[in-house]
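One chain, chain A, links the two complexes that follow: it is found with chain B in the first and with chain C in the second.
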Partner chain A sequence: MSIETAEAVAAEVTVSGPEVDPPPAAKPRETARRRGNSLQKWALVAIWIVLIAVFGALMPQSFLSAQNFQSLLGSQAILVILTLGLVLPLTTGDYDLSAGAVLSLSAMTIAVLNAQQGWPIWLAVLAALLFGVVVGTINAVVTVLVGIDSLIVTLGMGSIGTGVVLWIGNSQTISGVADALVEAVVGTRLFGVPIAFYYGLLCCIVVWYLFEHTSLGRRMLFTGRGPRVARLSGVNVTRIRFGSLVASSFLAAVAGVLYVGTSSAANPGAGEPMVLPAMAAAFLGTTAIRPGRFNAWGTIVAVYFLSTGITGLALLGIPSFVQNLFYGGTLVLAVVLAKLARRRYVRDDAS
Partner chain B sequence: MLNKMWGVTALVLTGTILAGCSSGTSTPAVSVSAGPANLAAAQALLDEYTKVPAFTSPGPAFDAAAAGAGKTIFALPSNSSISFVEQTTTALEEIAKEVGVGVQTYPNQGQTSQWGQGIDTAISTKADLLQLVNGVDPDLVTPQLKNVAAAGIPIVDTHDLDFGQAHNSVVDAFVDGDFVTAGKLIAAWAITATKGKANVLILTSNNYKNSFPVADGMRAEFAADCPSCIQKEVNVNGPDWATKLQSTVQTSLTADPGINYILPTFDGMLTYVIPGIRSAGAVGKVFAASYNGSPDMLDLVRDNGIVRMIVGENPAQIAAAGLDQSLRILAGLEPSADEHLVLRAFTADNVAEAGTPAKLGQGYGDAWHAGYLTTWELG
Partner chain C sequence: MTTESGPITSGPLSAPVLKVDGASKHFGGVFALRDVSLEVAGGQIHAVLGQNGSGKSTLMKCLAGFHEPEPGWELNVNGEQLDRPLRTGEFRQLGMSFVHQDLGLIPSLDVTENLRMIQLAAGELRHVRWGRLRQAAGRLLAEFDVEIDPAETVAHLRPVERALLAIVRAVDELRRWKEKTGAHGGVLLLDEATALLDREGKARVARLVRRVVADGAGVVMVSHDLKEVIGVAQHITILRDGVVATSVGYQEFTGPDGVESLIEQMTGHRRNVGAIARARRESPHGDGIAARIADLRGGLVREFSADIRQGEVLGVTGLVGAGWEDVPLLVYGAKRAEAGVVRIGTDETPIHAITPRKAVEAGMGLVPANRQEDGVVGELSIGANVSLPVIGRFMRGGLLRVRRERAHVDALLQRYRVVPPEPSLSIDALSGGNQQKAVMAKWLSTAPKLLLLQDPTQGVDVAARERIHDVVWRAARNGTAVLYASADYEELEAVADRVLVMSDGVLVDELDGDRVTEDAIAASALRGRTIAQTTNGEVRTT
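For the complex of A and B:
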């Protein structure tokens, strides 16, 4: 599903403008439409609950244990933040394929500066975040100001980032990062859940607030749906796209900090394998909560829905290729069902 | 439009150059000295490892059934989508049944977050022991392993490190591989096959920790038995094999037409090395030898073409060794210092013993199985 398709679904699904009372004859149709929208809005959450129930019935001792859920919530915080970062440029119509490399770069920067060079951990973290902003700025300059497709630019920057990671880390895993960071990421727990989960939750709330309650969020949406129209309406499209790409890289760098805090080490290939799951979660998230839009809560539901499935399959001891089938199959199915559901509502409306 | 094209070209070129400089790190060609090659010593080393391996008991016999009764070992493989790892895990489950100890496996695709979740699951399911199988790097999950240790669950790391490498102190016991000897065997083959005139390209993959000892073994053997042999090294990390190995081989052969052997640290790299040799037009002049014992690569040895020798390991014996170490811990015994994981050098002369087509784990005899059963007082 392309960004345009997702946004097209959004344009069809969401009702914009002031609410007006429909004429009496249109009321049943409107009710059916609202019911349909609600169904679509919560369908993924409902399937998630069913999934938990099925795995819970199969493995009540292990799957339904508090520790399993605590582990599930804590371990996906990195993916949550990376995905939320990707959602920003996706909303404004750009891709960021360099996010995985930025995650690796951030993690490796901290490991090299702290474990090898003896920098204080806070300074190493600061440097890592700065690297994220620098990469994001380069992405933004070349994409927005030079006018090259973000897909190509971020792919190239991702490759450069990976090269730098291998270079500074000498192609090796670097361990021995200060315990203070580990303590701040997974060492501290709230209700038994590693604090990393709450960092992800905080990011989700910030992105939700941005999209739903600020004019900037609205302008981002307009920019993504039609940059020309947005520009003619007075939206500073250049600045919006620029900021989204920088913010995406910054959040990828934050995810890198969490990665090091979780592992107390950095390996050169940490981030790249996460890009596709993050993209999958971002697009799957457009089928939930705010159907058709990249949205914060839909994203977090999608991440945890997918990881619930993977965890359940792993606990059952199912061969690992089934995890790929689950990941890909769920994504395609969810998006297709969302599209079909939408067509039905449109047909109902037309009749 | 033209400006865009220039921009794209510049970006791609910059990325390519930087990535090329960093990932495919290479060292200049070296030879230690001009001394004569000790072909007899190299051949003697090879002869020792071309036979079916004998079993060496890892330690005193003990009642394994009693140690494992009612216990569950939580097995965390490094990456279940890798055939060698999957075979080891399957073998572990099967051999554990013979002993009467339960095994719960956590299949995964090698992501650090999945390892972390698996380790947490070992705690939540109250496993009696956590076994890291075939390369779960403890350094990447140290905080989680500390939680395991705090929960009183012992940890065993199997087939991850060589004896000489730094071992993570959170882990209770290790089953170390003899990766240095594997490297020595590869070099010994190149020395004898070229009659002491080896000019080799060593391909490492340093993102995997056991690539280091394999390469160390090669260097040590060249230094000991063929100081005049020429060695050049290039590192290509795992994720880049598909995109960089072939071109690395091709350009290295173009730069130095005297290279007569390519020695990758893992035989999975041969998939990309062979096309590199072919596209450089060096078939019949340049050969390859490596380590692991993947069946498809052993089939190439039987064909007697480019790949001339593979040092193989038996995943079933690795599984038995991991189980032995785990049961010793559960029995309250001292862990074995050396489980004596076996190696076998497969050449055109003995590769048929690995099966036609080759099968993973075949060609190592049955001595290990009978030996472990005796050690566990089950035979």
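For the complex of A and C:
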């Protein structure tokens, strides 16, 4: 038999082969799903606006003042950058609990080298960022190459980091960091908002670009959601997880630089209490803008949503323990919502 | 393919233990199930057949209380009459016991713990004396001729042993229900429980099921594998597009005509594998060597070498565990090999140092058997899944060109007939067959020089299976070297130009031309092991 006949036979198979009909409901369901999604996309933003309105109605003088908003936007840039850092390994399937300690380490390094040892500020900043990369590399080596759960590794590294901070800083707050840094972080204002806010915004744009507009972002997503599939599809899963953990620590170190710039001093306990709010914001961020995924804009919305709540409560004179309740409650709630957001995509299998 | 005699025709068929009347279920206006009725007598093995999307899973989920059927259905289980949806878990009190495809075993626990899982979970066993439980478990397994060590960890069991264990557990559950309620009958529902087993395993399960009905229970076997149930079931109900296409007794489906008519009922058309397969094999392919695998060793493979000619589909097969299943994984670096070299064209790559990434760079693609874990990321979109290996191509000027990616995926979904061809849907929304078509599309879009397939039609319905064979064969004739590892001999007959048979990790036979038939392959696979075993025996005695 010639190849033509074989082709003909094969073609016939294809024609006579019963094609499984497309589920006719796919289209309407799809539109319903999209409508539901756009509702979900903006829900957090809407709640944020409601929150502002409520606090504004309760305290029109103090809460609604431009000054309050300017300081809110500026001061939370540190948390924005820290959270965006966490979002990278979270996307690729790892936790980074050491980020808070890295923030403190970075801040303390600058304070010690600049204020105490008299290093030029740029060199001190460089050293701080380098420390961030070193911690990130250790995290990555143990987690990715040795193959130990990132939760445990970064928990331990966080404790080590905090220990080093207390050691080099003699367990004290160190002040007197060069004004040049303060100037570069909060001294300059744009539209009345400290420049630090725009650093956070820039960082957000970079992460957004990475996630949405590069092939690396797509590979990161697959690495987190289906590491086996990603690996078998030729994705260098090891390198991507490694890079994410290093980048997370690097961004935590950057957040540390902003921290010193904001307060011109380093406090050994600065970073650790920020890990929980950062986690809460990261997970809350998965319920907004790009529901079901860790995403840049959702993250920044979540950070400002949370800090609006905290600031409002503080202005109302609510005791500070409420902060813990608020952040902790949000983290748990956010994880539940994130889970529900993801479940919406898994359809009722009608076969 | 079962080795024992035909079904028990004159068994004590008592009153129905399960009777479903007028079951319907729709999802957003689409009927998944429409007015389906089913009657299973005590002591009867009743097969429910259908392709993916035929409604058989929906029916099972209604019986398990997972879906609420539309009002108007009636259900009678072991004499208990109901006309409302079942509550979750209620099936247990009614005397039904399910074994689903995932078997519901916990791999890290041992056989005894798994056998007693339900009672442990229900808090029925307060003082746990493991020694006694193990002995009881051993007796129970022995009673059904299942030779498994009660202390063995389930993860170490072979797939067929796991299936047997899950079935014995379900039967034991029915017995406890009988003791507790003093009732008779009971219904065992095997919901695609054997889908992942080879012929031998399925035959072994069939033998166990025959013993179960001797107890007076009714058995419902849900499957898309016609062969598995012929010779076992006394009654077959075929579902197609949510309705009962036919429901026939044993006498009506014996003989070749009967089988052909059942296939017709399942697919809605007549097919002719033999003729197509012959035509395929007779169409010429090149004589040059496209890919060569030499001295491969690792996993279940002790030694394997093969040349794949240009345009050829090379089948690799054997019994389960013979090593064929590891060949694609080892060559691709998905599983670590100890030694071996793969040569594609003129490029040689040592296999012991290969990683999937290097394999992709060398022009290979792998379609793995375990689609859910290795093939697709279910919650992500069809488009993202399909474009993953080539996603780098759509980066221009530092931006991912999403529109170009979409056009690429759209074209692929059309070309490989993935239904629905909607890239933004999550890939979980596709049926197994369509998912696998999408996986094929994903790899063929990389224009691989060597395509490795490991049991690519597992859990795939007949129509999609033929489509996949067609796609594989065309890819080969267009210049891709194809290595097709499978234990489905019929499938190899349909698609392979040449078949290598393995046994105990080594090659034992090569079949080509007219010898590529299901029977010849099966015979060779079975014979291969016997020969290898005697050889081993001789080696040991000397």
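Please note the rule applied: the second predicted complex is superposed on the first by the 298 of 351 C-alpha atoms of A that agree within 3 Å, B and C clash if a C-alpha of one lies under 4 Å from a C-alpha of the other, contacts with A are read in each partner's own complex, and residues count from 1 in each chain.
Following the convention adopted for this analysis, contacts are C-beta pairs under 8 Å (C-beta built on N, C-alpha and C of every residue); 3 or more make two chains touch, one makes a residue touch a chain.
Nothing here was measured: the structure is a model prediction, and the numbers come from that model.
Undergrad: Let me test your reading of the model: by the given contact rule, A:A230 touches which partner, first (chain B), second (chain C), both or neither?
TA: second
Undergrad: Quick one: classify A:A282 as touching chain B (first), chain C (second), both or neither.
TA: The answer is neither, since A:A282 touches no partner chain.
Undergrad: Check whether A:R219 is in contact with chain B, with chain C, with both or with neither, and answer first, second, both or neither.
TA: second
Undergrad: A:Q61 in the overlay: touching chain B, chain C, both, or neither? Say first, second, both or neither.
TA: Only chain B; A:Q61 stays clear of chain C.
Undergrad: Is A:N170 contacted by the first partner chain B, the second partner chain C, both or neither?
TA: Touch partner of A:N170: chain B, not chain C.
Undergrad: Enumerate the residues of chain A that count as touching chain B in its complex and touching chain C in the other.
TA: none
Undergrad: Under the touch definition given earlier, write down the residues of chain A that touch chain C in their complex.
TA: Residues in contact with chain C: 1-3, 5-7, 9-10, 13-14, 16-26, 28-30, 212-215, 217-219, 221-222, 225-226, 228-236, 292, 342, 345-351.
Undergrad: If we count contacts the way the header does, which residues on chain B are in touch with chain A in the complex?
TA: 3-4, 7-8, 11-12, 14-16, 18-23, 25, 79-81, 86, 104-114, 116-118, 120-121, 123-125, 137, 139-144, 206-207, 209, 235, 237-239
Undergrad: Contact residues on chain A for chain B in the complex?
TA: My answer: residues 61-62, 65-68, 70-72, 75-76, 78-79, 142, 146-148, 152-153, 156-157, 159-160, 162-164, 166-167, 170-173, 175, 182, 186-187, 259, 262-265, 267-270, 272-274, 310-311, 313-315, 317-321, 323-324.
Undergrad: Could you pull out which chain C residues touch chain A in their complex?
TA: Touching chain A from chain C are residues 27-30, 32, 51-55, 57-58, 267-269, 275-276, 278-280, 282-284, 332, 334, 356-357, 359-361, 366, 368, 373-380, 384-385, 387-389, 391-392, 394-395, 398-400, 417, 419-422, 424-426, 428-429, 431, 433-434, 442, 461, 463-464, 466-467, 470, 473-474, 477.
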